[in-house]
Each structure stands twice: as C-alpha cells, then as structure tokens.
Amino acid sequence: MNDVRIAVLGVGLMGADHVARITSRISGARVSVVNDYVTEKAEQLAVTIPGCRAVTDPLDAIADPDVDAVLLATPGPTHEKQLLACLEHRKPVLCEKPLTTDVETSLEVVRREAELGIRLIQVGFMRRFDDEYAALKAFIDGGELGNPLVLHCVHRNPAVPAHFDSVMTVRDSLVHEVDVTRFLFGEEITSVQIVTPTPNSLAGGGLSDPQIAIMRTAGGRHVDVELFVTTGVAYEVRTELVAEKGSAMIGLDVGLVRKSAPGTWGGTITPSFKERFGRAYDTEIQRWIDAVRTGAETGDYTDGPTAWDGYAATAVCEAGVQALRSGQRVAVTMADRTSIPGA
Amino acid sequence: MNDVRIAVLGVGLMGADHVARITSRISGARVSVVNDYVTEKAEQLAVTIPGCRAVTDPLDAIADPDVDAVLLATPGPTHEKQLLACLEHRKPVLCEKPLTTDVETSLEVVRREAELGIRLIQVGFMRRFDDEYAALKAFIDGGELGNPLVLHCVHRNPAVPAHFDSVMTVRDSLVHEVDVTRFLFGEEITSVQIVTPTPNSLAGGGLSDPQIAIMRTAGGRHVDVELFVTTGVAYEVRTELVAEKGSAMIGLDVGLVRKSAPGTWGGTITPSFKERFGRAYDTEIQRWIDAVRTGAETGDYTDGPTAWDGYAATAVCEAGVQALRSGQRVAVTMADRTSIPGA
Amino acid sequence: MNDVRIAVLGVGLMGADHVARITSRISGARVSVVNDYVTEKAEQLAVTIPGCRAVTDPLDAIADPDVDAVLLATPGPTHEKQLLACLEHRKPVLCEKPLTTDVETSLEVVRREAELGIRLIQVGFMRRFDDEYAALKAFIDGGELGNPLVLHCVHRNPAVPAHFDSVMTVRDSLVHEVDVTRFLFGEEITSVQIVTPTPNSLAGGGLSDPQIAIMRTAGGRHVDVELFVTTGVAYEVRTELVAEKGSAMIGLDVGLVRKSAPGTWGGTITPSFKERFGRAYDTEIQRWIDAVRTGAETGDYTDGPTAWDGYAATAVCEAGVQALRSGQRVAVTMADRTSIPGA
Amino acid sequence: MNDVRIAVLGVGLMGADHVARITSRISGARVSVVNDYVTEKAEQLAVTIPGCRAVTDPLDAIADPDVDAVLLATPGPTHEKQLLACLEHRKPVLCEKPLTTDVETSLEVVRREAELGIRLIQVGFMRRFDDEYAALKAFIDGGELGNPLVLHCVHRNPAVPAHFDSVMTVRDSLVHEVDVTRFLFGEEITSVQIVTPTPNSLAGGGLSDPQIAIMRTAGGRHVDVELFVTTGVAYEVRTELVAEKGSAMIGLDVGLVRKSAPGTWGGTITPSFKERFGRAYDTEIQRWIDAVRTGAETGDYTDGPTAWDGYAATAVCEAGVQALRSGQRVAVTMADRTSIPGA
C-alpha cells in the first residue's frame, strides 16, 4: 500500500514538530503539502522534504488531489472553516485542540460529520495515547479498584508567554484535564467552579495563577485540578484516581502506583525484555536505517556497536566461560586493536 | 529517497519482531526479503507483507539485488559465513549478538571489514539505545560525577527454557553487561571471575543459578554482576555507577537517580510537554495514520478523541471561563448527544 | 530532679497507650494516678504500674497532691470542666483534641488561661511532632520555596466504627488538617466549603464519604482536603505544599520530596550514622535496660548480639584483613561453638 | 522498681551520646558514674547530670556499688580487661564493637562468660535494632521469599578522619556487614576476598578506597559489599536480599521494598495512626514532660499547640459542619485574639 499523503496546515512549533515526526518516525505516511499563513515559512520547510510542496491557501491544500488526509495545527479561530472543508472533501483530519473556539460552531461541526455517516475528525488530545494514562484507563476498566469516585489532577508549567491570561488557563490547560476526566470516567462534566487563591507574586502581569478548578460529573464524581502555569520548575502533570477499593496515581515518573487492600502499595515490573527494551529496539533500528541511507556518503553504515564491539564481547565471554569452569579469575586475551587499521 | 529494502534472515521470535517493527513503526524502510531455515515460516510471513518475498538460501538473500541491507537474526553459528557474505556484497548488516560464537572468527570478521575501509557491520546491543542507559552514559561523560570507579549490575529473568545451561548464563546474559561496561567506561575488560553460590533449588536441572561475575577493566575499575535467570518474578535489569563525586542508578523504573554532594538524591523532571508527551504524540499520529489507511473499509478514519469529544471539551471550558469570572459554580450546558444520530 | 507525676484521665484505647508510653519509653515522668468513668478499668491498670493508684472522680485526680500534671484522654464533652479544674489547681495539662466541643466553651477556656498569665494547656495535635511535618514546616520557614500558596491534603482511614457519621468526618478528621494548615501557614482559616461527591457504596449507613473540604486562609491561600474514612486500604495522610518557587510533598513514605528549579526533584540523604541509626541506638539501649532489669530472674542480661557474635565478627574481620593484604580468598578460622557450653 | 544505675566508660563522641540518651530519652535508667581516660572530660560531664559522679579508674567504676550495669564506649584495646572485670563483678555490660581487637582474646571472653552460666555481655551492633533491618529479618523468617541466596550490601561514608587506613575499612566498616550477614542468614561466614579497584583520587593518603568484599557463608550463600568511605556525599547503608522466590531491599529511604511473583514490586502502607504517628506521640509526650519540668521557671508548661490552637480548630470545624449541611462556602467566625491578652 502506498504511503498516506498528509497536508500539514500550520507549521509553527507544533505543526513543524508533526512534520518532522511524520517524515522521520512514522511508518506509512509522508508529508505531501505544507501550509502556513506565513507563506515563506511553509516554503522553506517544503524544500527540505522529498516530494513535498507549499500551498498558499489552506482550503486549496485540503482540496489538493495529492492530499489523502489533513493535520490541522492552525490557530483555533480558523478550525471551523477548515474542518468543514475537510468534511466536504471527505478528507480525514487530525485537529489539534480546540475543535473550534465556541460551543455553537463545535456543535455544528459535530452535526455535519454525523450527517455524513463516516468518522473523519479526530481531536488531538494526545494524553489518551500516553502509556501512563492508557494504563490508568485500563486499570479502571479492569475493575480491580471498583467504582471510581474522585480525581485529583495537577497541571503545572514552568512558564507561559507574556500574552497568557487567566482565561487561557481554562481554555488551554484545563481543557486537557476536561478530556482526561471524560476519558477516564466515561461520562460528561456537569458543573465547574474556579477558586483563585492569592496569586504567585513572581508571575506578574495580573495573571490569576494558580487556579483551582472543581468539577462534578453526571454521575456525581468529584474532580479537582490545580492549574499553575508559572511554577518556574518544570512541566508536571499528575493524576490520582480514588475509587471504592483503592487508589492509583500516575505522573510521578514511576509508572502507575496502586494502593489497595490489604494495605499495600506497588506497581508492576516489566515482565520481559520486550516491554523493557521494546522502545530501545525501535530506536536502534530507526537509527540504523537512517545510517544506512546516508552510508554511501559517509562510508559508515552503522550508528551503534561495531564489529570490534562484537569481537570484544565474545572475547570476554570466552574468558567468562573459563572462569565459570575454574572458579578462578581469568585474564581476557584480546587482539591489539591498533594492529588492525580501520577496526 | 526510496525506502531502504531490508532482508531479514531468521524469522523466529526475534526476527519476526523486527519484521513487524520495520513494517509498522519505522520510517524509511521496508522488508523486501525474508529467510528462515524453516522455509515455510518465511513463506507464510512474506505473504502478509506488501512487496516481500521469501528466499530459501540466506546467501542468496544477501546477494539479492532487491536487498539494500541485511538484518541477521539467525542462530550464532551461522553468523560468520553470513557476515562475510554481507561484506563481500557491500551490504550493511545489523547482526544480533553474538557477532560470531568464538574469538577467532569474530576477529576475522573485524579484520575483513577493516580491510574494506567502510563500516558495514553493526551489532545488536540494544541497551545503548535505551533512554536510561543513554542518560547514564551522558551523565558520566558530562563529568559531574567525576571519574567512574565501580559498576554494580543486576540481570534477572523470571525463567529460561529447559535447555538453558550455566554456560549460556555467561554467553547470553553476561554478554549484555560486558557491552554495557565497555560502553559506559569506554575501555576493555581485562579479567573475569565467576562465583557460584548455592543454587536456586526451585530451578532444577543442574543449572548454576544465580552466578556472580566479577570483572576488572584496563583502568582498574571494578564491575560486579548478579546473573539470576530463574527468579520467577520478572525481567529486571539494573545498573548502579559509583564515581568519585557521587553515584547514579538506572533500572528502578524511575529514570536516572543521582546521589551527589551535599548529601542529596534526586532526578530531573521533564522540562516541557515535548519530553513528557513526545512518545504519546508519536503513538497518536501512527495510530491515526493506520486508521486513515483502513478508513475506506470501516467508514471510520479515527482512532482517538472524536468531534463530540472536542465539542464537549469546548462546552466545559466555556462554563469554566464563566466560573472564573463569577467565582461561583457554573452548570455545563451541552446538547443532547442522542439527538444527533452518528455523533 | 524527681520524675513528673502524671494523672492520666480516661484510659481507653488512647489513654492506655499514653500510660504505656510514659511508663516504658519516656524519661523523667511516671503515672501516679489513673482515672476512668469505668472505675474497674482504671483499677486494673493501676495495679500493673509501680506507685500508681486509681482515683474515681476526675476532679479529685486533678486536685490530688500526688499529681504534678494531667493528661486528658477523656471524651470531649467532659473537657471543659476538667480543663478549668486544671487551671484552678495550676496543673499543666495535655488535652487530646478537641479542646472542647463548641466554640463558646473553647474561647472561655482560652480566656481563663490567659487571665492566669501562665501557659498550662497544650492540645494534642501530634502531627506537629512528626518528623515529616516538622521537616515541611522547617522547609517552608527556610524560605527556599518562597511564599506558600496552596496545600493539598489527603486523609484516608481504612474503616471507621459503625456510629461514625458525616459530621464526625469534619470534627475528628478534618480537625487535624485544620491544625496542619494553621501550623504550616501560620495564619487563620477564614472560610470552609464541603463537597460531597457520590458516596462509597461499599461503606453503607448513609455516611457521606468521601468528602472534599475546600478552605481559604486569611492571606488568601487555598487548601483542599480529601477526607475518605472507608477506603478499606490503610491509613494514609499526605500533604503537598505548593509555593512560589517550588513544591514539596510528605506522606509518601519517602520523607520530604522537593521539586524546585531548575527542573529537579529529590530529597536529602541522612548525613551521618547519627541520623540514620539514632533511633536504633535508642531502641538498643532501652531494650538492654529492660533486659538488665529482668536479668536476675532470667539469668540473661542481654537482648541483642552476644559475646559469641562479637567473637565471630572479629574472626571474619581478621580474615578480611589478610584478604586485603593478599588479594586472595581467605578462609575464616573459628572455634567450634559446641565445644563451649553456654556460648 | 528503681532506675538501673549505669556506668558509662569512655565519654568521647559515642559515649557522650549514650549518656545524653540514657538521661533524656530512656525510661528506667540513669547514669550514676562516668569515666574517661581524659579525667576532666568525665568530670565536666558528671556535674551536668543529677546524681552522677566521675570515677578515674575504669575498673573502680565497674566495681562501684552504685553501678548496676556498664556501658563500654572505650577504645577497643581496653575492652578485654574491662569485660573480664564486668564478668568478675557480675555486672551486665553493653560493649561497643569490637568485642576485643583479636580472635584469641575475643574467644577467651566468650569462654569466661560461658563458664559463669549467665549472659552478661551484649555487643553494640545497633543495626539489629533498626526498623528496616528488623523488617528484613522478619520478612526472611516469614518465609514468603523462600531460601535466601545472595546479599548485596553498600556501605558509604562521606569522609573519614585523616588517620583512617585500608585495614580500618575492614575492621570498622565491614564489621557491620559481617554482623548483618550473620543476623540475616543465621549462619557463619567461611571465606572472605577483598577486591581493591583503582582508588578514589580525591581521597588521597594511600587509602585503598573503595574496597569490594566478597564473602561466602557456611551454607554456600554469597555476600558482596561495596565499602566506600570517601564518597563526599552522605552516609548510605543499603542491603538487598535475593532469595528463591523474590528479593527485598532496604536502605532506599522508602522502607522495605519487595519484588515477588507475579512480577510486582511494592511495600506496605502503615495500617493505622499508631504505626504512622507512634513516634510523634512519643516525641510530643517527652517534650511536654520536659516543658512541665521547666514550667515553674518559664511560666510556660507547654511545648506545642496551645489553647488558642484548640479554640481555632473548634471554630473552623464548626464552620465545616455548617458547610457540610448547606453545601455552600461558610465564613469562619473567630474571636479577636488581640482582645485576649496572653492568649
């Protein structure tokens, strides 16, 4: 099957990152069209990617016959028109949040897609694809903890741009916890309250920060969220689920930690090398492929352990086998590397 | 640039895993040829991969004009001949360990590649590509801990096949720690001692397990390794580096944990969403691409949050903005989903 | 100086625990009088303690010339009268919470003590004496984290007695977090809100559990507390402080964990054996003293390593010194223990 | 029963610490005699302790009728003679390690005590009284992990005095791990090997540091110990037990962490407030007793939360109960503290 040809609309920080991702780490797709309201930015990017060109009008990009699917990384206010164009041309689209900037237009987009009878629109709430959130969702659904009751969330950024205001904390930060809540609990949120404590004096600029959001779901569950975007420390996202038979926390950089009867806490150890080193294998092979592609120029088709590394390991293991048999310390015998130019 | 065409030789557990990896997760490569000494296994696999065929003789596979590079996942005793064939045909090759099964042939392979003057052979010590080992290597090279002195390693498997013997502990398990030592310390190992304590009575079969390997490097550094392949627990690989100004440990499932003056321990928090959710983005995009490729059949071009999820998030955030302004609890207003068939 | 003679009033679960503590682990005090509204309970306890007698009326106990100070572990409704009696007799008193059961009588007690011009009343908020809370308080006061802004608290009990109701969650559980807040922030609480999510169906009995308390302090700081008294898991008390320059958490069973710029997390390692093993020394000496006191009866004045253990250690270290000098494995020579009856 | 009267021989760093411990934190004992080869040091200490005097000759101190038991914190070479005097006078003695400085005299002491038929000598291996070592011992004896096989120990000091030499690493540091091994495994050590890697260049002075001790027990079990006394970091003592059905580690500052089938890791949460806050209660009561003893001088018989703290907690909880009933935010009403002078 041929590669899926993607148009990436909006190649700022996020869009450019997606272009790099599709080009260098994703199987079965390539970027065929890029677009940005700063035309030159799209053009400069396009020339670096084989088979890619810049298109000036985003609606032309969507309609382009060389485009199988669209990735929307444009500003929120342009989403409505671009999404409707994607629906019109029956082009699958991955839309970075928000879907649109207000409820009316969001609902209109939902209606138009529903009328088509096929699902073409995916929204970029990427946390659902994070290993820890996926593990927490699976843990809840597994039923071991019983009925979920409460969610405590923390969302901290080290800093935000100068134009960031108190409303953006809700629209740009809280929105992720809104989706996490809906994803984990599988029900809608019915009320929201925002507490604004004494603000961080180091932040300046009238920003109400931190904010504490208190939400309630259709099933009466409680969610609280600390939103703090000027911590000066780091990016921290943490979620603790409290359920009838125990609790579980993610975001402590230690995977999912569970607490349950009879008074124990703990996690799961990777059962085999596949889980432990699966990503390492992916990285190894991707970097080897990349080296092979440039090897004709460099004379080096490797990006990792060389034949000498393999030889040395064999030599040490051979001594190890002798040591196992004798119970004594065994010296390792190895060739003089400098006697083999190029090794 | 065209995809690199890979021949995978040996499609047992490890080789088949590599075939799946290259086909579904790696950019810029595809499997054009598969080979196995069980011919049918290769044939059955080949038909599932577009543009791939099975070749009976591994040396024919290496010589095949449809093959740009070779991935060797065949048994160790066949490596020498296959590696030399790769060199002869100037084909880059990624060789699963061991390079060959004895020092003489390993050294011969090193010599032949060195004579060519280009690097074609990479050995599959995948730990060098693991995030934690890479972080430890970078931490050592950064110099903060000063001169490295000692390495404590633990290598535990829950179980091994019935034919696994005491020598295989050295050749198949210790070999990884041998490469880790050489990678981290950047010098050769000069002696090996193996201590065999009272064996695990639950293991049976005359296997000497656990074993303790004690190694010394050219620079006088000490390495000890616990090798225990019948723990019944899980796969655990741990490395602690002790240096002149502190120590660091990986493999505790909490990333790199450092201890250093003035009496503190700790780690690094992900500085931004890119580090925290970079892999989630990769997964999101890959799964979306996969869904787009099958969408024509299923009528569903999504594999993640839908337009309704986007609408719901917008509705909650809108209530959140009102709550921020009023300081009161605000009810969320949302359309009746059942009134929109298909949403 | 003579031991302080304590009257313990109320010898239920908590009072009896205090009697045992004063008798066996506290220096400079002894229990001279016990009292309980179940007279027999006090009498049965008194006979087990040298120099202690039961007194029927708590006010007599307070007035008793053999009593230097009073420990109140009686039910809350009796506190007012007993505290005032202590003030009248100028007896120092440690009063388990609550001070009294309503604000009016509490304030009256405060006034009466203030009129005396000496401090006689201490309230039993024991968390202020916990190492972790003390460390957190010291960390805040040290100023490293800057101005404190938010406190997240979790208070979980595995189970509560059948008569426990929703109001007791506030009076008996929240009260601890109230004191923690006042202790850590050094200011009064100005408002309280209680959220009651869907209750734990496994708890039964109409108890509103969990409850979420949301408090605000005079300085505008925010505190939220999860109160959950039927978790079925264990006793969990956790506090996270969020401040302008970082955050710190206690109650994770790993001491105080700090997060601060530049994006690091971590804690402090015990600097010397005194911090690491100080409590072990206390235990060692207390158990040795206890053994010495009973040695005449048992013929054994030890409760720990014996002379043979000392000999064996010396023998191994002697071999170790030889091993250090020779670089070889050295066998340990040791006497035959069975040849020394009684060793 | 009267307090046990202790003679503390040797009041250097360790002995003085024991004097303070017995005087201020231990129930049922007091220091009646102190002795030091620097006579003035003992005299200066004696005057600070009620009922204590300095005695010049350690043998006189042992024989003193005012002495019920002896705590030996004198230099090792004097232990033999002092221990034999204790035996002669039938005085129980707690002897800081080493028992004596060589095997012959150690064995002689063992023999003499055995001849008496009563146990009078306890050796100061305090780790047996540490909560974590005690938990590990109990965990081994509980049998959950099956037969113990291997022990990995780490013993690190930030620094040592200038006169510290390579032999002292064995005699003063390794000796603790020797006792830990014998305590945990319940069997003797049969051989020792010491590996001396390239030494820490920052240590200087010809000290061979770190050292790696490799020991084997009578039952064929393996023990390795990293001894590193110039780390510059902190005091770190860690022990990992590897057994047939799992492993457990202490010394990570997180209590005992267990790994066992089916591939899980974890620990135990404190089951009730007694375990969680038991030490806090001890501290609270001890500090209150101490305050009561000095209250007549200071006019303050408290060292903790005051009556006002009790009042404030009651006021907040009263608002909390109203908030629970109304579901609304409730303002806390509180008296003006400044209107009550002395509160």
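Think of it as A, B, C and D in the order they're written, each chain with its own count starting at 1.
The working rule: contacts are C-beta pairs under 8 Å (C-beta built on N, C-alpha and C of every residue); 3 or more make two chains touch, one makes a residue touch a chain.
The chain lineup, named per UniProt: A, B, C, D = Inositol 2-dehydrogenase.
Keep in mind that what you see is a predicted model, and the values were worked out from it rather than measured.
Two chain pairs, A-C and B-C, are compared here, and A-C has more C-beta pairs in contact (counted per touch definition above).
One of B-D, A-B or B-C repeats the interface of A-D: more than half of the contact pairs, counted by residue number, are shared by B-C. Separating the centre of subunit A (Inositol 2-dehydrogenase) from that of subunit C (Inositol 2-dehydrogenase), both taken as means of CA atoms, is a distance of 44 Å.
Computed from the mean C-alpha positions, the centre of subunit C (Inositol 2-dehydrogenase) lies at a distance of 20 Å from the centre of subunit D (Inositol 2-dehydrogenase). Remark: subunit B (Inositol 2-dehydrogenase) and subunit C (Inositol 2-dehydrogenase) have CA centroids separated by 48 Å (rounded to whole angstrom). For subunit D (Inositol 2-dehydrogenase), the set of residues touching two or more other chains reads 158, 214, 233-234, 236, 253, 259, 263-264, 267, 269-271. Touching subunit D (Inositol 2-dehydrogenase) in their complex are the following residues of subunit B (Inositol 2-dehydrogenase): 146-147, 149-150, 152, 154, 158, 195, 197-198, 200-202, 210, 212, 214, 216, 219-222, 224, 226, 228, 231-234, 236, 242, 244-247, 259-265.
For subunit A (Inositol 2-dehydrogenase) in complex with subunit D (Inositol 2-dehydrogenase), the residues that touch the partner chain are 259, 263-269, 271.
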